[in-house]
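All chains are identified by letter, namely A, B, C and D, in their written order; residue positions are counted from 1 within each chain.
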Amino acid sequence: MAGNTFGKIFRVTTWGESHGPALGAVIDGCPPRLLLAAADIDEALARRRPGVQTHATSRREPDRVEILSGVFEGLTTGTPISLIIYNRDVRSRDYEEFREIFRPGHGDFTYQAKYGIRDHRGGGRASARETAARVAAGAVAQKILDTQDIHVVAFTVEFGGVRAQRVEEATMWNNPFACPDPEAVPAMAARVMEVQAQGDSLGGIVEVRVHGCPPGLGEPVFDKLDAALAHALMSVGAVKGVEIGSGFAAARLLGSENNDPMGPQGFASNQAGGILAGLSNSDDIVIKAAVKPIPSISQEQDTIDVHGQARKLRVKGRHDVSAIPRIVPVLEAMVRLTLADFLLRQRTIA
Amino acid sequence: MAGNTFGKIFRVTTWGESHGPALGAVIDGCPPRLLLAAADIDEALARRRPGVQTHATSRREPDRVEILSGVFEGLTTGTPISLIIYNRDVRSRDYEEFREIFRPGHGDFTYQAKYGIRDHRGGGRASARETAARVAAGAVAQKILDTQDIHVVAFTVEFGGVRAQRVEEATMWNNPFACPDPEAVPAMAARVMEVQAQGDSLGGIVEVRVHGCPPGLGEPVFDKLDAALAHALMSVGAVKGVEIGSGFAAARLLGSENNDPMGPQGFASNQAGGILAGLSNSDDIVIKAAVKPIPSISQEQDTIDVHGQARKLRVKGRHDVSAIPRIVPVLEAMVRLTLADFLLRQRTIA
Amino acid sequence: MAGNTFGKIFRVTTWGESHGPALGAVIDGCPPRLLLAAADIDEALARRRPGVQTHATSRREPDRVEILSGVFEGLTTGTPISLIIYNRDVRSRDYEEFREIFRPGHGDFTYQAKYGIRDHRGGGRASARETAARVAAGAVAQKILDTQDIHVVAFTVEFGGVRAQRVEEATMWNNPFACPDPEAVPAMAARVMEVQAQGDSLGGIVEVRVHGCPPGLGEPVFDKLDAALAHALMSVGAVKGVEIGSGFAAARLLGSENNDPMGPQGFASNQAGGILAGLSNSDDIVIKAAVKPIPSISQEQDTIDVHGQARKLRVKGRHDVSAIPRIVPVLEAMVRLTLADFLLRQRTIA
Amino acid sequence: MAGNTFGKIFRVTTWGESHGPALGAVIDGCPPRLLLAAADIDEALARRRPGVQTHATSRREPDRVEILSGVFEGLTTGTPISLIIYNRDVRSRDYEEFREIFRPGHGDFTYQAKYGIRDHRGGGRASARETAARVAAGAVAQKILDTQDIHVVAFTVEFGGVRAQRVEEATMWNNPFACPDPEAVPAMAARVMEVQAQGDSLGGIVEVRVHGCPPGLGEPVFDKLDAALAHALMSVGAVKGVEIGSGFAAARLLGSENNDPMGPQGFASNQAGGILAGLSNSDDIVIKAAVKPIPSISQEQDTIDVHGQARKLRVKGRHDVSAIPRIVPVLEAMVRLTLADFLLRQRTIA
């Protein structure tokens, strides 16, 4: 049973391979009478584009979405919204080598094991290119969140070992790391130069914050809001860990430190990260995702080919130094998709 | 839309409140002709029971499951397996105070916000008592894993700040912390004494390892195996963070360090934690879960009542110092449920 | 992937075999704060009990439900409602013969083919006994319909070839056929006597009517309301055909005859059976289900055993002459479950 | 919760409106390594095209599908298959009148009631045009059925009151009614001339037969194969009734007549229509669907406008006299989708 659909009520099904003619998403379950235009989505896609820095992907995709259905005279109709983004600038020959050789850290080996066949070009379905469809769908989800004044923002709190010490929301997209601390940017840039020269790659930690979420979202016992958010973020290729609120630090705290005292004005602290017993508590939701260094590196690596023979591999061609910053709007989108779905789920009992 | 069902093919629906007459699970989608007896399940439940130590729950539940359907002459029939566990030793009067007062760190406030009603006795549906049904279902899931020689084991790698330095599988259940390092046990015991005297509580980190998982399990793009495992573990009340393989440490590694080189004999390392691009890679699956300190503490805390008025609360009555070790078999069970489901999902394309 | 769950938002999972210790249903997704007592459900179950007539089942089941969860101080809480009905008066030895022989018209052969194992006692999971759980769940669904003043009623419009000529709702449960035309009752009774003497069985046609359904329920394109209702009714064992509104007669009408003219006061006719393009149109919903004669007959029949050998079979022991009237409240229940689910589904876009 | 997805394992989501730029389907859950080309699908679409007769639709759609994903070098890869069919020959101005007026027998009124908005052009999402996506998906489903030599065929057994007396599979597509009895064709043609002159429309009955289905497909208790097939066929706009095997006639038969005797060589009759207790029994599956006359007629009809005012309407422009024969391949496709899904579902327990 396949897994290309996300959500229970607000359901997003993505499709498409890195080097196919197009990719897209079908959204079923979007409420009617919401204003929606392709430009709203293009704006979200633009944030996923490579920046001007050297570490950014060399593939230039002026991604533009077309809305093929579900919108009539500028309003959603309640019927499926089909979004399509054409692939351009596709150079499949760059990938001919990977037809036979499994790249370390990529899904080449596991896709072959699972399906007995794979589109080896650019990672095929496993390519980060697929996340463009998620970002597009996330822009539609935000239309639902807008009706409740729910604000979602993601940013980089650590990159290549350099930590942001403070959060200035206004400036975080003024640098190529989505870093909310302008003073940390130079060290991050230096780290990129250094690692790029070695033909290596970097990871980091992204934080997503949600402001304005009403209390009570989430579904006990298995579909707790934090469980669903962890699922959402971990479904993004490079993510290897997820924390809610105090996260792993909670393991070392005492109960008296980790409990958030309540008062008539709300919670006195937010160790919980805005979620109690799997339900939103009206405080800000705070989640962190660990992003691994991208596996495509120029250094020589040991690997095997489809016949199980030992091979040496040096990944050539275009590749980024890090999934950051492109992954930042993707994680934001996944949180949007999750919240839109839980808002609609909540309506069924209200 | 409610969330009391886990899995897509091997579907487990749990029901029951802490102080109701019983709790249970219905499993739909279990393949036929597997040997199954109540004793198999009781054995799993026994590991969830409190130990002899003072930190263990004072509630004595000689949990025994009854199989009400789906098994005929010792074999599963392919029809729903209904499991029931009766609640005994229920003292609801202990909880009368919580009808009006929200306990910090518990779901009292959020359940009230979500449903406009809640069973306040012992946490109602939000009680850790619900996890008995998960453990019971996990024992059934293991019957499917047994057919593939898949072995799941969980243990405590950190407790109250004390780390286990090595893993001896044989001895981990010889101590009240499910700790695989016998030498770390005395320090853990000392920590319990100390914290219990303060009326406080402790958290820790639990690791789950899976041996023998075939490659290719998992479903791109949203139902990646790691995403599903994160969902599974985070759906357990006290869990605040999940890591796969190198987890958060991956954020600080270089690509050349984090990639696992491949050779004809397999992977040279296991930073990936057994999962590549969301699919199992045949190596051991390694997951860690951060467990927060349990919120019921004897110290006085600030909170509010159902009318929004400030109140002081000191949680009396029976409560553990930590969710560990009782949560350990629960996390094991969640991994079993996940893997059984993905094994059956994989059959649909094989 | 198993199929023991009905509904998408109001989800009912039934479990249990004819000769197991109990059967039941778990309802997930019932809104909170609805009044619910076991007595409400028992009342619905009572209508499913055999009547005083000879054609009625000889098995006496004073079915009583126990609510094991999801209700607190008389109100639903939004958590899963677990219902259990214990099996009594179970004489499994009557069925020993069927361990080896497949009964014609029953699921014995097909269950064996599907699962490679079956509980042969009383039809096991395929027994009409399972429908008790549906009726119980239907009584809970009605609580939701009550909030919208939606009224569901089913009755027999044809039995053993005898047609009811008019519908008197008040009197339909004063006779053992759920027949709304008192004048047709004697002919039906005579038909029973005649057929019973021959050791044979009878079928009939049941109509279900819904009054008060708001317009717009149903989900294009696959989950049209009529499609879901057809699914619901056809999922009851003995049903072999379903019609909405004019049904098969529509095939012979002209468009000008079959279209229902609209006016400011509503529709001038109801050929549509209350459903247009898969959505309720606010008129009464009218559905008919064809019920086959029950396959257990005393006459000798040709069949085979589990080894594929030809055998002669004469079904002894207790069995009814017809699924009518016991199937009538079951069909009513299935319509209730469907409508409750679609009411909640509609909320997600409203 | 929307309903644009069909199937549980082989999942088809259709999207698109009659007068949007395109329509399509995304298939998730198709097994890998099946040969698939656009030409296979175009061939199925061609059978849905209007014939040369006057009764056929005047809209000329040379439907051609594009496969946008999920196929690599001629083989399915196990990833989502995205199919797109562009709309051509779209004259939306013809429909301007229906922005304000509800057409009797159509979904105009109910869509407005449900969503508070609708695309009035050509029926929007409720248009029969949507079924092109089903036929396309059905051609993919057939690839799975081919691996088991399962053959699905549909034909017209009654049209405008004229019945086919015999079934000649070879000739059924040599006439514009998909009629398997060449001798009934002239009477059908005469009926069309007569009714068309009156500005009226016709219905009929379509039979679908499946040969080669293995025993045991279907899922007790709610997802019985006949329940799923009834759902599938009734989800096609014009269908008002469904019968399995003896269908409504079963209501008048005795048990001794309706039971199919079994022998070592199989069943002696097929009243069951190939399905026993909701599971296929290895005999041919036989289903009938009642097709109502299409509601668009040239005669003047009473209706209302969006303000609830009485209006007179005469539907001008292009419309067929009957949904037959175009609905025939659509019903075939729905059966294919259902069987492919149940074949894959069966694998999860085998």
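Observations
The rule is simple: a contact is a pair of C-beta atoms (placed from the backbone, for glycine too) under 8 Å apart; a residue touches a chain by one contact, two chains touch by 3 or more.
This one's a predicted model, so the numbers in the text were calculated from it and none came from an experiment.
In summary, the chains found to touch both subunit C and subunit D are A, B. The chain with its Cα centroid farthest from the Cα centroid of subunit C is A. Distance between subunit A and subunit C, defined via averaged C-alpha coordinates, is recorded as 47 Å. The distance from the centre of subunit B to the centre of subunit C, with each centre set as the mean of the Cα atoms, comes to 39 Å.
The set of subunit C residues touching two or more other chains comprises 1-2, 4-5, 8-9, 14, 29, 32, 78-79, 114-115, 125, 220, 345, 348-349. Remark: subunit D residues 1, 9, 29, 31-32, 78-79, 220, 344-345, 347-350 touch subunit B in the complex.
Contact residues on subunit A toward subunit B in their complex (touch as defined above): 1-6, 8-9, 14, 102, 104-107, 109-111, 113-115, 125-126, 130, 158, 160-161, 195, 198, 200-205, 215-224, 226-228, 230-235, 237, 240-264, 268, 272-273, 276-282, 290-297, 299, 301-304, 308-310, 345-346, 348-349. Residue ranges on subunit B touching subunit C, taken from their complex, read 1-2, 4-5, 8-9, 11, 13-17, 20-24, 26, 28-29, 32-33, 66, 68-70, 72, 75, 77-82, 84, 114-119, 124-125, 348.
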